[in-house]
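Two complexes follow with chain A in common, the first pairing it with chain B and the second with chain C.
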Partner chain A sequence: MALLDVCGISDWVKEDTFSAQKASVDRVNHFNFAAREPELAVPIGVDPAEFLKPFTDCEDGVEGVTIKLEHGTTTLAFKFQHGVMVAVDSRASAGAYVSTQMFKKVIEINPYLLGTMSGSAADCVYWERVLARECRIYKLRNKERISVSAASKLLANMVANYRGMGLSMGTMICGWDKKGPGLYYVDDNGLRLSGNMFSTGSGNSYAYGVMDSGYRYDLTVPEAYDLAQRAIFHATHRDAYSGGTVNMYHMQETGWIKVSQEDVGELYHRFAAEKK
Partner chain B sequence: VMISARAYGDNGKMKEYHYTGPVEHKFSPYAFNGGTVLAVAGEDFALVASDTRLSEGYSIHSRDSPKCYKLTDTTVIGCSGFHGDCLTLTKIIEARLKMYKHSNNKSMTSGAIAAMLSTILYGKRFFPYYVYNIIGGLDEEGRGAVYSFDPVGSYQRDTYKAGGSASAMLQPLLDNQIGFKNMENVEQLPLTLEKAVQLVKDVFISAAERDVYTGDALKICIITKEGIREEIVPLRKD
Partner chain C sequence: MSNPPSCRNMEYLIGIQGPDFVLVAADNVAASSIIQMKHDYDKMFKLSDKILLLCVGEAGDTVQFAEYIQKNVQLYKMRNGYELSPAAAANFTRKNLADYLRSRTPYHVNLLLAGYDETDGPGLYYMDYLSALAKAPFAAHGYGAFLTLSILDRYYRPDLTREEAVDLLKKCLEELNKRFIMNLPSFTVRLIDKDGIHDMEKLPVGPK
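For the complex of A and B:
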């Protein structure tokens, strides 16, 4: 029952050990439609990461079959005296084709927690949705919001189970909890780091350059907005796989606010006009 | 459908042809069956259109194999890529829709179907369904909604999207005509149903000219609060 699952009771209600009911694992290829428990299928007898490589990585794929998965991006986040700034681009590319210029790379887990996405779009969207569900269940069971540290640890442990199988995910979990502003970097190897400034994705080096040259802990709020926006803009200008719009969020003590969403074309003209 | 493991070099590219000794042939579980799908969302309508050609390599298996599948009274899905996976995927979606209907005593909304499809696709993250999906329908407020997916479940809500073999040809044209991208000083009129249907027909006629896998006929499913209406338009058969 759904209510029993949320309360966590079905975890410690023991199944009848003599029941004839065997695990799905013993019935090869049996598909329970994933209606109750999530089911993750793997190709039989092959290393999953190696299986997909000829389809995703080669130009012509295998006999004309290419499976291009959506990737992106440049994302960044930094802590400063007034909280945490988060800025991302919005391009999702499938190989050399731009699938969309308006992809949402920040997931709003709850009013005090944000997750950014870089790497494989599907991996990030799926695992961060599972994280959002776990955070909600935590709040229901414990009557208080989950800490940023715990949320990032949950995500890191979830993906560490699939290490080496070809997941690609670089994410930053940002929030405000009892300890103040929190910023953690989590990636597909299960690496989890706490820090004051991170940038992920194919355009991260460009973003670091701009951020490092303008960053101080005591930035004012408008200065921080400007710095974050410029860093992403410059990354989109030079990295082919980043582009679209710059989406900015500001994590404050009262929760996050969405600051702006501006097309990089407009930003280009605005910054060019400033130079004159 | 055979692929040879020995024929691929370390960088993943095919090696030059010459006899290298006994070669191991592996079975490839996928095939490319072609086809293009397109969906457009308006203020109070949605369109899902697909061509009806089913091909493989240099052959055409069928000229009457549409890629739009009706899911509920307000939602249609277009699937192109590998036809075997399209059929299995639609079968699984329909089963899940029935299970939901029996448990919750109501039909799934477009947004719910999209979220569910994302998890179904991700369940095969390590052995993907080779299908490019686009869902078109009406949301709970009666406004048009389009959801586009990659093969492993990354998705989002759009106003318009093209998928399948001719997608790279159609998408830029839609960006310009429906999204008004890269145009300045133009009046941005809202898209009417008649204009959208005409645009879809024109755009597929162009795609059939230049993409070998697209042609034969075009099937448009028009979703409004009155229900789902179908229109069939012939395309080039060459």
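For the complex of A and C:
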């Protein structure tokens, strides 16, 4: 019962006294707002095993099967003399099916912090929103903005608690704090690396190829925009699971700005024309 | 993309104990699948002024476990007013590793603990992910160990000077450059003696 849960009364009282209806589908009200034990309400009339079988690896619904998560993405970020460039593609795939070409893979945590997403969209969106909440709480408590190092450490420690439970998340936390531009890579293994250049996702190797060949610390701003855009474009060209549009952000001392959002099809024709 | 178990041994740690010092080195590559994500990654954790913990293994486990040990060693000093000795720190680390091994969330990490004790002198402790602990005059972790342990067997003497120990280390790293399939371009080298932990020049020396 909802009121019992909110009061936090111990389990032995709740057990076997008030309701013979145990499953959430039996109760009229499926939503336990503020309940201590969150439950998943399943739609009536749908067999959950059949519904989820296409998303698993196994054939006949054996015990202990896990949902197969896809990691189709290319994201990149690099530091240069004028700040941090962040560029991502926008394709969300579920196996061989393209769910959408317009997915936002950059989370705007606050005007001075950005997070990119690769791996499972649900995990990234959820955990980066939790991170955004923790950053806000930090600012309220300490009257100053959280550093990029601390924000990335918070995220790494949060997911480290779920080690081995099937989280899939590869993210880059980019920001500008008192120490200047900051870039950290955090993933679901609990790995946290500080660096000048990272790329994640299924297309990361293609992006590294173009980025490494054209990168210098003293790039001008237009050159950096061009490099970031080309790296994602080339990755979308070769990697089947990346595509859509290239979304670019520039992290400056005064906060981030959204640079551009261009369709990779149009970029293809523009670059091809330049080559001639 | 997480690494399969066979990938975890591509990292390299080595330790050589002398009469009054311990020399340790670790590679600087942080890899994810086939990509080198970082070329200057430090795999050594300073537990105290005279104890270093070198840690390789599964991606997130290394930092999480090593920092846990590091903070607990520092807490011991704060609570009791004096530091844990290298032997005590090694046994503490092993006990924690063994406890986690027997839980639902084992840490897959391979460790070298190097330290200098006022009374016992220098000490090098080898630990693996099954929480085996052995005090050894020299030790190495990773696939690179298959290539370099015999070099250490052949040329190690208990009375090595610091220069001789560095030369022995260079011999090992040259062998890795020659025969090891992974490209490990640079190694962090540190030396522990009665005066504490000293950073040494990164090996191999880069182009001038």
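Please note the rule applied: the second predicted complex is superposed on the first by the 207 of 276 C-alpha atoms of A that agree within 3 Å, B and C clash if a C-alpha of one lies under 4 Å from a C-alpha of the other, contacts with A are read in each partner's own complex, and residues count from 1 in each chain.
We adopt the following convention: contacts are C-beta pairs under 8 Å (C-beta built on N, C-alpha and C of every residue); 3 or more make two chains touch, one makes a residue touch a chain.
Values in this document were obtained by computation on a predicted structure and should not be read as measured data.
Asks: Pick one for A:141: touches chain B only (first), chain C only (second), both, or neither.
Replies: neither
Asks: Per the contact definition in the header, classify A:160: touching chain B only (first), chain C only (second), both, or neither.
Replies: In the superposition, A:160 contacts chain C only.
Asks: Of chain B and chain C, which one touches more residues of chain A?
Replies: B
Asks: For A:198, is the partner it touches chain B (first), chain C (second), both, or none of the two (neither)?
Replies: Only chain C; A:198 stays clear of chain B.
Asks: Looking at the overlay, what does A:190 touch: chain B (first), chain C (second), both, or neither?
Replies: It touches chain C, and chain B stays clear.
Asks: Answer with first, second, both or neither: which of chain B and chain C does A:94 touch in the superposed model?
Replies: Once the two structures are laid over each other on A, A:94 reaches chain B alone.
Asks: Is A:122 touching the first partner chain B, the second partner chain C, both, or neither of them?
Replies: first
Asks: With both complexes overlaid on chain A, does A:103 touch chain B (first), chain C (second), both or neither?
Replies: first
Asks: Any idea which chain B residues touch chain A in the complex?
Replies: My answer: residues 1, 3, 8, 12-14, 28-32, 57, 82, 92, 95-96, 99, 118-128, 130, 148, 150-156, 158, 161, 167-168.
Asks: Across the complex, what residues on chain A touch chain B?
Replies: Residue positions touching the partner: 31, 33-35, 38-43, 48, 51-55, 57-60, 62-65, 67-70, 92, 94, 97, 99-100, 102-104, 120-126, 165-167.
Asks: Can you list the chain C residues touching chain A in their complex?
Replies: Per the touch definition, chain C meets chain A at residues 1-2, 30, 32, 34-35, 37-38, 41, 58-61, 63-64, 104-105.
Asks: Within their complex, state which residues of chain A touch chain C.
Replies: Residues 71, 156, 160, 163-164, 170, 185, 187-193, 195, 198, 202, 204-205, 208.
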